Amino acid sequence: MIKTGIYGLLRVLSWLPPLPRTCALVMVAFGVVSGVLGVLYALAQHDLKRLLAYHSVENIGIIGMGIGMGMLGGALGKPALVALGYGGALLHVLNHALFKGLLFLSAGAVIQATGTGEIDRLGGLARKTPVNAAFFLLAAISICGLPPLNGFVGEWIVYGALFEGTRSVPRLSAGVSALGVVSLALMGGLALACFVKVFGVVFLGKERTGTRVARATPGAMRAGMGVLAVLCVAIGVLPGLIVPLTGAGVQVIADLGPMEFERALPSVLAPAGRLSLLAMVFFGLIATLAVVRRGLIQKNAVALPSPVATWGCGYAAATPRMQYTASSFAWSLLSSFRALLCPERRLHAPAAVFSEAAHLESHTVDMAEQDLFAPLFRAASRVSRMIQTLSWTGEPAMERRSARASERLRPFVAVVVGATAAVRRGSIHVYVAFIAFTLLVVFAIEVWVAPGAEGHSAPISVMQGAPQ
Amino acid sequence: MTVLRAIGAVPEAVAVLALPPMLLSIIAKTKAWFGGRDGPPWLQPYYDLMKLLRKGVVYSRTTTWVFRAGPIVNLAALLCAATLIPVFSDDTLLGFGGDVILIAYLLALGRMLTVLAAMDTGSSFEGMGASREVTFGTMSEPALFLSFVVLALATKSLSLAEMLGAPLQAAWGDVAPAMLLVVAALLIVLLTETCRVPVDDPATHLELTMIHEVMVLDHSGPDFAYITYAAALKFLLLGSILVHAALPHASWALWIDAPLRVVELAVLAMLVGVIESSLARLRLQRVSLLLAGAFVLSGLAAVLTFYRTHA
Amino acid sequence: MIRILKTRLRQGHRTTKFPLELPVLPDRYRGRPVLDAAKCAEGCRDCAAACPTGAITLNGAPKLDLGRCLFCTECVDACPDGALRYSRDYRMAASRREDLVLSSGEMRLAQRMADDLYRVLGRALRLREVCAGSCNACDLDTNVLNTVGWDLSRFGIQFVASPRHADGLVVTGAISRNMHHALLETYEAVPKPRIVVAVGACAISGGPFRDSPDVLNGVEGILPVDLYVPGCPPHPLTILDGLLRLIGRIREEPALHGVTQP
Amino acid sequence: MNGTRPGWLALRQGQAVDVSSIPLVDADDFASHMLAGRGRGGRLANLFGRRLPDGGVRLFAFLAFDTDARIEVCAADLPHGKLTYPSVTAHWPAAQAFERELAEQYGVFPVGHAWLKPLRYHGTDDGSAAPWGPFEASEPIPGNYPFYRVEGEEVHEVAVGPVHAGIIEPGHFRFQCHGEEVLHLEVVLGYQHRGIERLLLHPNATRSAIVAETIAGDATVGHALAYCTALEALAGARVSLRASALRGIALELERLANHVGDLGALCTDVAFLPASAYLGRLRGEYLNLTLEICGNRFGRNLLRPGGVRFDISTTMADSMRERLRRLERETLEVLDLMFSQSSVLARFEGTGKLSEERADEIGMVGPAARACGLRRDVRCDHPHGVFQFSHIPIAVETTGDVYARAAVRWLEVQRSLEFLVELLGNKPEGPVFEPIGRLRPNAMALGMAETWRGESMHVAFTDEAGKLAFLKVKDPSIHNWFGLALALRGVAISDFPVCNKSFNLSYAGHDL
């Protein structure tokens, strides 16, 4: 499993003295890049298993961010950061094993039942295999880091570490931590989009073409999934039982006594037990609302009509093609991130008055598959180009990976043209955004590059209004 | 002790739960004034809810339990968030350190189930709404979290009640420009999350342009009542965060705080009404630019705050 | 923004006070026809012969079927004795089909919906409009109720997109064969309790398109109707008056100063 | 009237000719004959068939030569049992809807038609099979045919209608989409099919006139005008100048109401509330002016063959002028506000573009064509009645987008207002109604009008007894629906409503 790497990393860390801050920050940055790219690539996938595999890249990113924050805590001598960072990372390793295992089992059941993992060929499986659907949904909620499941608890602690990190004094560390918060939020949103896409297209709606008659999930498989599901729920609802256990791991990695760990967590986050209370409230509310709803429908004494078709504007001959495809679902988001992703679309569009044959397919080329490090470098170069040209606002959708010199100018031209058009039309928000972005860059340079800012490690108390 | 507090919170909770439809009414009345018409009665949103609770339901044969679970989980998640978000006073029922993260993720959970319920209908309309909702939700989330970073830095807390309470007042004195930017970013997030002009048009009936409305085309009766109420509640909750962030003041007695906050929320609703009356909707592809704008605003605020707190 | 405010101030507040104050309709407005059988000459069949839709029957007491009347001027012009004239009374919506058949007496106007319906829908009525083989005029004048002048929303009535959100249908048009299926499907999609309003001569009887093989002569026999609004097309006031009677917002017969005068 | 070519008969609108004088060309040469006419600058104004007593079908084609107010007509006979001919559409897309109509009504097979699909979903007149295969006339379900598809598993379809959101007419739109982008739009109509052409021959003349008024309720005056012109031409009747002026007033009031309403609706679609609210009310004011004239907001029962049924007295004209002046102020103020809002313009500009060549190729008419730069306006090109005396300049824009279609309406609102204020000031004297006499037997006459959507055309035929035997109606929408479909390619689906509204085509007029 890929987490062997994480284990190795943590083992090495446990033997070493606290590493310098730079290493920690690089680790966080690695986590951010891996996480964001991982989830973006996952979003672009058309195959169920590949999609899940890319989510592992994302989750390794989250774990990396946690480890990085732990390392930062070690470098800065902040036990809270150490506890939260390593603690969150370790918990997420466990969680990831649980929900990803559940997801792979469930996806396996889908493939076994239908004979395909192509998302856009599947559909409507929730009615055929309801139990498997429920397991998949549970794991999906968990992997998106949503309460009240285990995924949330892990991310909650990592967030705690990142928020705590924003208070650390060297501005660069604080800035990277803030970047971490934002990236984790973005990853959360993208993961949600991705799993809504998968669950919505594969399990919900109507059957699409190419779906064989689905078979029920075998009992043994269900039992295996059930165990994982129970653990996911248990950790989510009773984090107070599990979180202290990670303390042991943290003690091994960093020199942190058990008492210190016990104290470190509540200094930033509430005792994990508060989450249990909220989970109870949440389940209570769901139960109440469900009971009320059922009561109302019965009381209204209007006999439930025989189920009718989904409202389709009164059209008589609806087909399964009249539902969103996974590719369509993700396309808006993918095009928003086209500067990072380069989704490609081969479209032979209808052009004549009477449309002739037309065809469309899209690909998002996997950079990581070709070369492990290429994506990092490419992303870095893209980021720098993004900053140079603000290309994220106007890059053409069909941009190829092998961007030649002439093509590099295209985004720039597009931005200029777009901006001019925007100014002409008076789209105030566009140029406000441009001005604000410029200001942001200027400020960033001033704040972080200002002399004397680096290498100064004052305690937290010197945060506000202190002379210096 | 806690029991007493809980009992004392009952009237407050009831007031919080009763308020949301009224805010929608204020928006509607503001828009009606701009149009030069009477507009619906003040209590219309309540009448609508009452009626929906008494109506029958129609379910499509395509849908599964997910469709039925959507409205319930969404409303439960929002009600749960309501126990963590300060509305009238700076106090919350169940707030704790780190609850900002929980609040944001509860909203996301509600969104996920709503969107899945939409996908469950197997219609391209609902799929369209679902795709738009997650796209814009994904893009507004970083802006929201960056705003939280600013507030956390300024107040040194991770509990929303504290982040929006008295310490924020000091922050306004200290880094007013940053706070102003955060408020602007939060306003954009509010307009996006509650599907208002210029992002969405709650008044339109055109399926192809809608975001929120098109996701719930197939819900009826009590399910639709839950959805309608949840939308109003979401406006109240995000509006409360915005109002507290914009006008922090120490808690006085509840009988002063509560009316004051209600007035502030009413003014916010009017402001939203004014925005809806004076702007056309953005082209849908441009909404992401607006959200990028919100992100830049909160980013700028973060830089300003860093500069202050890390001097 | 300032410009919007300035325009708003000059445009003013335009919602009428209806039903508290009644608008004055122009002299030539053709409202509910009035039939004075006493003036009829023995054996005269001129009006029935002139009527393009056979709305007038003279077997026994003369009767005029408002549900078929297109409000043209033929019968009035044809009558040698002045037994037929148009009043300016816009009120003519009825709850039952037979109430639309006028003879010499007063017309029975629409009643409030049944109590069990009223308890649920009285203050919040959402309607889904279905146009099924109309000329579009009824749809346009139904839509007019949403404009600032009539402002239907102030009575808690609203037109919605999805039938799932609706409490009833407003049907216009003669029900073309091609829309028959869609109309039934839309009705099925409305959760109970639900109502049906037929707006215009087409929806009631087929109107000018009656007896064309491509239409089904209105909604009669296809859906149960709760409110009939005659006219070709009905004036928006007629529709509004009907809807308000249906939800019990107009109970008493208001004194129509000057309105019923010819 | 000069420049008649062999194989064509030239005529003006409002002119009756003997059916026998229409030149017949060979069916196999029909398409090339038409293309030659196109080469001389002709525009396809109408193309329809009429069942012959022997079971064959006679095709009639009308080419408009707009610059010299001339219409040229020719005919071709398809014998019973061999209802095929080389399709015009194969070379001239403007004929596509007309040839589909031929196939649907009579089972005629235009060979080489690239888009031969049902137009209105009804059976042929003699129950024979239409060339697209067996079509069950007893249970028609519109839209139940193989739609055009953009292939690929990732493409999804959006099916809108027949019951649309909002209070509008039924029609079915099928979008081929990827993400938010529309790759292709196919428009399927027929839901409003009521059998107008048959009803127009109703023995009761009033019923026939009322049916003509209800072809499209929002273009009551426009269709009634074309109908009356055709019938009056057949009767050889001259309508008084005063009646003509009153018809002109009604036509322009109709245009004003609809254009103002459309501009308001465009604002509604982009959620610009103030202009949407104010223009919605102002539309009603113009309708109410029509109500004052004839007792009906849409101008029903005003126009009848022989004149108009209601006169406008001098005092009434004066008060109407006063009201129009006030309305002009209020309307133009709101339109100025609307067209000065950058957030509104940002939604209009560049949305749903159609090039001039495309618009010409598919034969578009009316404001939608003028927005693409085509100078086509019956009031100027083929003037009749009052428009022979007062001239209304043609409003043209060039960009072919939603903005252009809105701006053309804005200009036309101003010009109609000027026209009305002037005409109400000096109406000619005379009687307003005089019954028309007997119709000329075995004749054909043509009536046209520039409705607010564009050119309507009624072609009336009499039999040997002088009875109305066949009446062919053309609503401008039949030219323009295809334009909407083409304008949508590559457009975001969320911009469809505003695009659709900018065309605002008639379903009823198309479906008949």
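Here the chain labels run A, B, C and D in written order, and each chain numbers its own residues starting at 1.
Everything that follows uses one rule, which is that a residue touches a chain if its C-beta (ideal position, glycine included) is under 8 Å from a C-beta of that chain, and two chains touch if they have at least 3 such contacts.
These numbers come from a predicted model, not from an experiment.
Enquirer: Most C-beta contact pairs, which chains?
Expert: Maximum number of inter-chain contact pairs occurs for A-B.
Enquirer: So, comparing each chain's Cα centre against the centre of all protein Cα atoms, which one is closest?
Expert: Of all chains shown, the one whose C-alpha centre lies nearest the global C-alpha mean is B.
Enquirer: Centroid from C-alpha atoms only, then distance chain A to chain D, rounded to Å. What do you get?
Expert: Chain A and chain D have C-alpha centres separated by 54 Å.
Enquirer: Distance-wise, how many Å sit between the C-alpha centres of chain B and chain D, to the nearest whole number?
Expert: It comes to 48 Å between the two C-alpha centres.
Enquirer: Quick one: chain C and chain D, Cα centre-to-centre, how many Å?
Expert: Their C-alpha centroids are separated by 28 Å.
Enquirer: Which integer distance in Å separates the CA centroid of chain B from that of chain C?
Expert: Centres of chain B and chain C (C-alpha means) sit 42 Å apart.
Enquirer: Can you tell me which residues of chain C touch two or more of the remaining chains?
Expert: Counting only residues that touch two or more other chains, chain C contributes 4, 8, 11, 14, 130, 148, 159, 161-164, 181-182, 186, 188-189, 191-193.
Enquirer: Hey, what residues on chain D touch two or more of the other chains?
Expert: 141, 156-160, 162-163, 165-166, 170, 177, 179-180, 274, 277-278, 281, 343, 346, in rising order.
Enquirer: Would you give the residues of chain B that are in contact with at least 2 other chains, written as numbers and ranges?
Expert: Where chain B meets two or more other chains at a single residue, that happens at 34-37, 54-58, 124, 127-128, 131-132, 205-207, 217-218, 221, 277-278, 282, 286.
Enquirer: Draw the chains as points, connect those that touch, then say whether the picture is a line, ring, star, complete or other.
Expert: Contact map by chain: complete.
Enquirer: Considering only the defined contacts, which chain D positions touch chain C in the complex?
Expert: Contacts found on chain D: 120-122, 140-142, 162-163, 165-170, 190-196, 198-199, 202, 204, 206-207, 210-211, 213-218, 220, 274, 277-278, 280-281, 283-284, 288, 291-298, 300-301, 309-310, 330, 333-334, 337, 340, 506-508, 511.
Enquirer: Would you pull the chain C residues touching chain B in the complex into a rising list?
Expert: 1, 4, 8, 11-15, 119-121, 123-124, 126, 148, 151, 153-154, 156, 158-162, 164-165, 167, 188-193
Enquirer: Could you list, by residue number, the parts of chain C that touch chain D in their complex?
Expert: Within the complex, chain C touches chain D at residues 3-4, 7-8, 10-11, 14, 25-26, 28-30, 50, 52-53, 70-74, 86, 128-144, 146-149, 159, 161-163, 173-174, 176-179, 181-182, 186, 207-209, 212-215, 232-233, 235.
Enquirer: Hey, which residues of chain B end up touching chain C in the complex?
Expert: Result: residues 32-41, 44, 47-48, 50-51, 54-58, 205-207, 213, 217-221, 224, 277-278 of chain B touch chain C.
Enquirer: Touching residues of chain C toward chain A in the complex: what are they?
Expert: Going by the criterion above, the answer is residues 130, 162-164, 181-183, 185-186, 188-189, 191-193.
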